[in-house]
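Which chain is which? They are A, B and C, in the order written, and residues in each are numbered from 1.
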Amino acid sequence: MDWKLWDRIAETHPLIHQLTNVVTVNDCANITLACGASPVMADAPEEAAEMAAASDAVVINIGTLRQDQLDAMARAGESANKHGVPVVLDPVGAGATRLRLEAVDRLLKRVKFSVIRGNSSEIGTLCGRRSGRGVDANLDDLDSLLPSIRNLAKELQTVIAVSGPVDYVTDGKQEAYVENGTPLLTRVTGTGCMLTAVVGCCLGAGIDPFRSAILSLAAVGIAGEKAKASLSEGEGIGTFRIRFFDEMSRMNGETLEQAGKVKLLEKSV
Amino acid sequence: MDWKLWDRIAETHPLIHQLTNVVTVNDCANITLACGASPVMADAPEEAAEMAAASDAVVINIGTLRQDQLDAMARAGESANKHGVPVVLDPVGAGATRLRLEAVDRLLKRVKFSVIRGNSSEIGTLCGRRSGRGVDANLDDLDSLLPSIRNLAKELQTVIAVSGPVDYVTDGKQEAYVENGTPLLTRVTGTGCMLTAVVGCCLGAGIDPFRSAILSLAAVGIAGEKAKASLSEGEGIGTFRIRFFDEMSRMNGETLEQAGKVKLLEKSV
Amino acid sequence: MDWKLWDRIAETHPLIHQLTNVVTVNDCANITLACGASPVMADAPEEAAEMAAASDAVVINIGTLRQDQLDAMARAGESANKHGVPVVLDPVGAGATRLRLEAVDRLLKRVKFSVIRGNSSEIGTLCGRRSGRGVDANLDDLDSLLPSIRNLAKELQTVIAVSGPVDYVTDGKQEAYVENGTPLLTRVTGTGCMLTAVVGCCLGAGIDPFRSAILSLAAVGIAGEKAKASLSEGEGIGTFRIRFFDEMSRMNGETLEQAGKVKLLEKSV
């Protein structure tokens, strides 16, 4: 694994256009800056296509979906596809409501994504929908989902990144497991959204989708580990969150090389 | 007062559906996680009812109201009522504009709330409106408002929690004063909204509305006191806010028992 | 320069009505509180005019523009003008899309602004549009823009504040350069938006527009300098941001007098 690819973000300073949720939009902008990229958050339907065309990567996150925003997302994604700008999707809560399921379906029909990043429940929903099995896949057991995930990645010609206690990445042929992280990351809102924004930063720096996903999962996991290790007696979630930003702003290829825990597998398909 | 009830939040890990303002939505999600509950922020009219039915409590906060969001709030509230899911209202700035007054009226007509939490100006507005006295109640003098607040609580069959230098809680029969807190809490945006989110966490854990209000007021007040006490020379509002999250993430029944200052009164009505 | 004017904010505790973007709205509310003013964020078209009339200053920021929000901004601005309430504009990303260009044009036609605050690219766009030269002004070279900026300030009868490595302020006659700040401020999202909110706080405290701009640029710059100086080994962007809020909450006329670096010029026009 060439961890030094990470440093390309700060070198190329890509512009990352993000259509995301109102809960974590500030965190996503700050993590983008921490990585050395430049964020622009614009989700009015009237300007989404124009902004996407002018950017180096587009991030679409359905965390607090509105109809007009969904329209903007489709326009931004199509414009990005047309202009060769990579797009990453975060299908937040995909299985929670009909609105979200239909939104994901609509986006997958209109937009080609370089990476889709979700947790096992969200990715399981995507697999279930498309295989006709509904949304009740056994989500606790990532292993049983792997064949469906590989098939979905091949069908959509995308990289799928599943975060969890151990993260999993596949493009249908290659596979990787990333073992960095800490459960504390799940006690702070937006770490998933920020992870997807980081994937956008990597893509925008010209890193290929498979390595963009691995680098992002490792970087966020390592920053979480270091932030946790820095906590003193009496410090909690608030301080952890700030240290996480500190560590992300200091992340580089060397740190990734030292602390990254990745297992790369070649799959014969 | 059975302070150990607080620990039920982490034990039951309830899902708290919040329709809230864009200013403090991130803070409300983080405070929910800090308490040991799980937040979901969804205010599209198309999914609000579905999400409310699947959650353990619903939080409605009109801080940055939009018409479509108001529609979603009413739908979420009605769905919650139908499915036995408790709902808490934060009537932010209720008296500031006609839009907000009418929104609160509409919500009170369509939704039964377990708890209404506001400052004395907001609660005074609610009392004034309904008693026909207009919005010019003497808000500086909580004592003069108490009869109206008790009547409103009885009329709406709800618990009303008024935060201020000393907090007041009533269901029209029982009453309590909570004396925890620090003026620094008013120097950070969102502490009121977060307080209401915490009430939602307690309700979602199955705690009765009266005790949910008391526990929340005490927990937020104590976290503020401890955060303030931890400040060193040169630290200000930024650090205070982070320590507040730290303290909330470490809150438990034992700390509440030691530091909670509550006066419970039985009212003969 | 009378730096003690700053202390009027805490003395008068003005209400600052802000119609701003979803990315930094929480930061803008917190910086307003840190300065000693009181924020209210309300951008529904139905209540914008009413809220503006009741406030001491209005802040308009087009960072994540929606059509209904633009409508609210125009209504709030007109209402403020009618009631003698000063208004400040932050034309975020003015040149990035047609939507934003047209929005700024529309706002400038309907609303008289006391101060317009942007970076050199945004202000250059405003100059270019109005001079018919398009948006391709040489933005790296502030000096070459100065004549256009002065003309625009005179034409609009406003104060224009351009932030950058060295900040520039003019009302077309008087001019000032402010040399406080650190590049770290550009590594945190929202420092520009917060700066504009601080201008609103000064205006709301009754300080004249030219001095409001200078005081705000110096205060934010000094807070950044002090926050940077406080960082220890291993601390990064996250901690810097918190210390910045700490410093803003401790800012006063005395600190400004000691650390403010301003060059005032009288221009014969």
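Heads up, the rule we're going with is that contacts are C-beta pairs under 8 Å (C-beta built on N, C-alpha and C of every residue); 3 or more make two chains touch, one makes a residue touch a chain.
Chain-to-protein mapping (UniProt): A, B, C = Hydroxyethylthiazole kinase.
Just so you know, these numbers come straight off a predicted model, no measurement behind them.
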Interface numbering overlap (same over half, different under half) for chain A and chain B: different
Degree value of the rotation bringing chain B onto chain C, based on Cα positions, nearest 5: 120
Geometric centre distance via CA averages, chain B-chain A, whole Å: 33
Sequence positions of chain C contacting 2 or more other chains: 22, 26, 241-242
Touching residues on chain C, where the partner in the complex is chain A: 21-24, 26-27, 63-67, 93, 96-100, 187-190, 234-239, 241-242
In the complex, chain A residues that touch chain C: 22, 25-26, 29-30, 33-34, 39-44, 46-47, 50-51, 54, 68, 230, 241-250
